[in-house]
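In what comes next, subunit A is part of two complexes: it sits with subunit B in the first one and with subunit C in the second one.
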Partner chain A sequence: MPFNRKAHKFNASINEVEIGTGDKAIKLGGENTFPFYSFDGSLGSGPKIGVEITDLGLDAEPEGVKAYYAGCNTIGEIAKKAAEMPGGDFVVLRLAGGDPNGANKSVDDLVAVAKEVADAIDTPLVVEGCKNVEKDADLLAKVAGALQGKNILVMSAKEENYKAIGAAAGLAYGQKVGAESAVDINLAKQLNVVMTQLGVPASSIVMNTGSAAVGYGFDYTISTFDRVRAAALGQDDKMLQMPIITPVASETWAVKESTAAEEDADEGWGPVEARGISMEVQTATACLVSGSDAVILKHPESVKTISRLIRELV
Partner chain B sequence: MTLFDVIFQGNDAVYGLTEKAVDDAIAKYGADKKVGFPGTAYSIPCYYAVTGTKVGTLGELKDALAVVKTLMTREAKLNDALMSGVATALLAEFIEVLKYIDNDTPYEAPYTGHLPDPVIRELGVPLVTGDIPGVPVIIGAAPTAEEGAALVKSYQEQGQLVTLVGGIIDQCAEQKVKMGANVRVIPLGKDITAVAHVVSVAIRAALIFGNIKPGDAAGLMAYTKERVPAFVNAFAPLNEVIVAAGAGAIALGFPVITNEDTFAVPECLIPKVPVEKMNAASLEARNIKIKITKVDIPVSFGSAFEGEIVRRGDMQVEFDGSRVDCCELVHMKDPSEVEDHAFELIGPDFDEFPVGSKQSIAYVVEVAGKNMQADFEPVFERKFHSYLNCIEGLMHTGQRDMIRIRISKDTFNAGFRAKDLAEVLYTQIKNEFAAVVDKCQVKIYTKPEDCTRIRHEIAIPMFDKRDERLSSMTDEAVDVYYSCIMCQAFSPSHVCIVTPERLGLCGAVSWFDAKATHELDPNGPCQVVTKERPIDERIGEYEDVNEAVKKFSQGALDDVSLYSIMEKPMTSCGCFECICGIEPFSNGVCIANREYAGQTPLGMTFSELASMTGGGVQTPGFMGHGKHFIASKKFMKAEGGIARIVWMPKDLKDQVADAVNKTAKELYGIDNFCDMIADETVTTDPEELVAWLTEKGHPALSMDPMM
Partner chain C sequence: MAKFVTIGERIHCISPAIRRAMDNKEPEAILKRAKEQIDAGATYLDVNIGPAESNGPELMKWAVELIQSNFDNVPLALDTSNKAAIEAGISVYNRSKGKPIVNSADAGDRMSNIDLAAANDAIVIALCSNGPIAADNDERMMHCQNMLEHGMELGMEAEDLWFDPLFVVVKGMQDKQMEVLECIKMFSDMGLNSTGGLSNNSNGMPKNIRPIMDSALVAMAMMQGLTSAIVNPCDQRLMETIKSCDVFKGNTLYADSYLEL
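Then we have the complex of A and B:
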């Protein structure tokens, strides 16, 4: 009996959200089938890769990252180099220094950093906060205002501060908004519902439904992607049809597999940097094949590997 | 003269003035002269928003006048009056824009005049988030400068964005009220036409934040009504121009509150309000709720103190409901009977009691609100325990009229008195239940005779009424059930359907709780489930319920029954208080509760049973449920009801015995049914169980086979 290929068609698709301006602008989402099921439907413009930099500079970065940015002295120069990283589609500025329990940099200083980064690059820009909800509410609202017209994606709008970030980024200054929830389809959906009730158009929202490094409760992350995608496509749930962006580097480079020096690690673990890259690549791959429309990475080797994976599969 | 006549007259007067001003300007500068406000992309904003046409020159302004004239219809009807009000606001904007010809700064400090777009974007964010709870527009001069300044300050303290027009500005200056956008007091201008600048703010907020398309006048007015929490305070005397402008405000959804003795229009025009009551009257009219950020009491407040014990030796005073008459009560009242944040102490305060003494107390929290329902009373009341325990050095146990409160000496010495207890109840109720509580006041009684009277004449009858209502509520008596998906974080496909006779399997969510959760958080975990299309009443299956279950389980479950353990039983998350499982030898079921660690006749312990019952899967023959469900007439009704229960742990049996015996008597006429139910002291062996049941004549043995 001959093989009859039956395409699994959905009467629904993921929203297409554009970030950036001009020739380098990119679209997240747009697919109407499961990840990489190009034999069943359209993948939109395919998954995208963000290159993460932070306002804290390079001191704490792995050697390979330091080497890539060698010679860069200002955050502007670092950003320019990040934008040029082969395989990367956009730059992600994580304003980690804003954390009141860390460097506690002032909002004005961080807004200046964001401006310097935005002025240095012509690729799309994504800005992440410092994970402190009160600080982020103020900080990200100001960043959204300062970068008006750049069509950036402002991440980290959570249940606690979505009003301030959503109203500033999504309404007042016409940016895109990243809605962040913690590995729970209902919380993800609820945040999208209240965000749209606030007036932010569904077409301006991108979701971060939570992330983790492989081996660190990562199955929750994956099952959330699975369920969100199944509901978005299978049940045409409009409040879950936002594209998904997943910060990977900030998770994977913080776990012991990526940080333990070779002499402190168990036998056979091998060089620390190779382990870090492996964690980043494994996590990013699992995210992409489960439903992420974009992953945020930082090591040039990981970006190269994942971009090749996407190229081969799309 | 009617209110309509006054509005029309005012509108006509402004039209005459505007027409003359525009004509004069054209005569002076020519029709091609550019006009517009600086710093806005929407010039001229109000007219552009209402009509969709931009005005750039004096000639176009003249054309716009003719368009405005078409709004000024003169039938004595509401719509004519409101549109004439809108026309008045548009004309005021025309007069204002003429001031900006060849002059970007016709207004000088302290007056601001036109506010540019960046200011609106900046103020718009806190407006949308609710951080600016309201926008009072104060017009004219208060009877005295002191009263005017006090009103402005009262709004300022609430974080509102106060805009001023006319005489109030000089009064504030005289009283040294700080003004400026940074302190949220904005003096717009001296003339009544300056009110156009705040209308312009509201309207541009709709364009920027509401995505309203210019020209969509209906959408615009809906947005300002729903989303811009502005209102007008107009001081007497009101002339017809102010009244006409007020009609414009009302058209945008902004009520007008005045101390003038004039016409009253419910919810829109509220006259004869004394200046000191304007704040409260305005908040009520515009339905503005002020967020309380800090509990103002002399000791700390937080969940860190919840488990704190106050020992007898450290105790200043004790209120003990088991020895003397005490009670706590939430009482819904008519809004006219409640003054927000009022507190009354009837009887001695804590400092008048001897140290270490046992006293009576009754605290009654009276609430009112447009969306308040008496069914929420017990839901609020149950929170008192955790509210009061969050107070440093205060211990609260029990509920209703069986409460005990101890206040420590340290807390007393820090200054904690009855009013502080009231303050905690007030702030917590207002914060947590803002969706339904508009006003709240607290009364505390400390005289023994008052407490006795309140306990026996008010509280106990009320508790009895509530219990009566709860116990008489049947699934058939209500129109809707509620879904609950609070547990989906760890049990992704589980959905509870909560009905009056079947509470959530965790035991913590009754039908009333689910209802209140839904009202308080309409997008939250509890949603309305209709039950209009029954499929099979015997097992409790409904098309609507199935649709809801399918939707909320993201397609994992297709159908559930409410009353059967064998056919499509409801799923369980993992929070169940009890698990009920089929016992084949006796043709009945065994129930194990979470606290019971031993073996059951099923050959499985509670945890072993849990592993096959939880996780949101349907396992016919097994079901998780709450303790209270055991005595329900709907407990596995499809299989014959509680007559199937053959075994449960002794502790559990003791807890539910009274209720189960009552149900068995009503359903089957059996007395002391629990005596026929075995427990671990009888046996955990299935064969011995059957022998024991046979000896007792247990009804399950003769019922139809379950499988």
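Then we have the complex of A and C:
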């Protein structure tokens, strides 16, 4: 009996969310099949890669990252270089310095940083907060206002602050909004429901459903992707059809596999930089094959590797 | 599992307002009821034009185009004994939100509506009866098998035949209720889709009782594997029950606002 190939078709698709403006604008999502199942359906414009920089400069960065940005003195110069990183599609500015338990920079200072970055690049921009929900509510709302017209993605609105961030970024200033939950699929859906009830168009919402480095509870992260995608496509669940963006670098470069110096590490671990890249590449790959529409990376080697992976598979 | 499919029953020529609208081609009453049902969460809308012997094809075309053009191509069940009217309706039907449903075929005189569905790549509601209500589940399943085989011989996918066990009225046929529910389980065990006029169970009961009976029955029927029902979606208690059962069955993912979706 001849083999009859039968495509697995869904009567549903992931929303296409555009960020950025002009020729360099990109679309996240748009697929109507499982990750890389191009034999069954459309992958939209394929997964995208964000290049992460922070307002804290380069001092704490791995050697390869420092080397890539050598000669850059201002955040604007760093941003410009990030936008030029081969394989990257957009720049992610993480305003880590806003953390009240860290550098505790003022909202005004950080808004100025965001403006400098936005003015230096023509690629799409994603702005992440400092993870403190009160500070982010204020900070991200002001960033959204200051960068009106740039069509940025503001990350992230959480259960505690989605009203402030959603209303400012998604409604008042017409930006795109990231809805963040931590491996809680019911909350991921609920956040999309309440954000749309607030008036933010479903087509302006991107999800960050949780992130971890491989080996650090990562199975919960990918099982969340699996279940979100199964409901979005298999059950045509409109409140889960938002594209998924996953911060990878901020997780993988913080674990001991990526930070322990060779002399402190177990025998056979090898050079620290290679380990860090490996963690970043493995985590990003696992995210992409499980449903992420975009991953946020920072090491040029990782960006190069993942962009090639995407190119070969899409 | 897919979400339970509710087919809204309120565009029915037995209602005087709808009757008038259909006679005079006045859109308002039909659009109002379509909107109410869609807002209440109906997936499909049933469009019952009656036998419409004089102007069936023209009337069905008008109704299909009217409703679909106003409500983003909402999928429809075309409900009439007039085959030419169903075919005419399908000829102008937009499938982007779902195949049309032919309502309905049975294992007797109306078997040929399965042919009509097969020829038009439509879903068909298949009543497990050849006229009178089946005497028992042996008879229901015999009709089911005959219609299933007929449809598949014509090239239909089994999933496009939605079997209707025929819900029966409690007042008068209380002793048959569990039999109907057992029949649904048999459909479900065979992997078949099912539907039916569920509110028939509460015919003749006081108005305030009907939503309670309908809700209880839909919960029991969904447990047995019922995949769809022809209901009044404006019955809030019933729709809340269906949404809650969909959560328990894993057909939809729970979120705190699930009743608002």
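Side notes on the structure shown:
Basically, the second predicted complex is superposed on the first by the 314 of 314 C-alpha atoms of A that agree within 3 Å, B and C clash if a C-alpha of one lies under 4 Å from a C-alpha of the other, contacts with A are read in each partner's own complex, and residues count from 1 in each chain.
Quick note on the criterion: a contact is a pair of C-beta atoms (placed from the backbone, for glycine too) under 8 Å apart; a residue touches a chain by one contact, two chains touch by 3 or more.
All values derive from a computational prediction rather than experimental measurement.
Partners subunit B and subunit C, once the complexes are superposed on subunit A, run into each other and clash.
When the shared chain is aligned, subunit B and subunit C each come close enough to touch A:R227. By the touch criterion defined above, A:A167 reaches subunit B but does not reach subunit C.
Legend: residue contacts after superposition of the two complexes on their common chain; A:N186 is shown touching both subunit B and subunit C. Comparing subunit B with subunit C, the partner in contact with more residues of subunit A is B.
Residue contacts after overlaying the shared chain place A:A141 against subunit B, while subunit C stays out of touching range.
Look at A:T259: by the touch rule set out above, it reaches neither subunit B nor subunit C.
Across the options 80-88, 206-214, 260-268 or 548-556, subunit B meets subunit C in a clash only at 548-556, per the superposition defined above. Counting contacts as defined above, subunit A residues 185-187, 190, 193-194, 197, 227, 231, 234-235 meet subunit B in one complex and subunit C in the other.
Remark: subunit B residues 121-122, 124-126, 128-131, 208-211, 227, 485, 488-489, 492, 523-525, 551, 554-555 touch subunit A in the complex. For subunit A in complex with subunit B, the touching residues are 141, 145, 163-164, 167-168, 171-173, 184-187, 190, 193-194, 197-199, 201, 223, 227, 230-231, 234-235.
Residues 2-3, 98, 251-257, 260-261 of subunit C are the ones that touch subunit A when the two sit in their complex. Only residues 11, 185-187, 189-190, 193-194, 197, 227, 231, 234-240 of subunit A touch subunit C when the two sit together in their complex.
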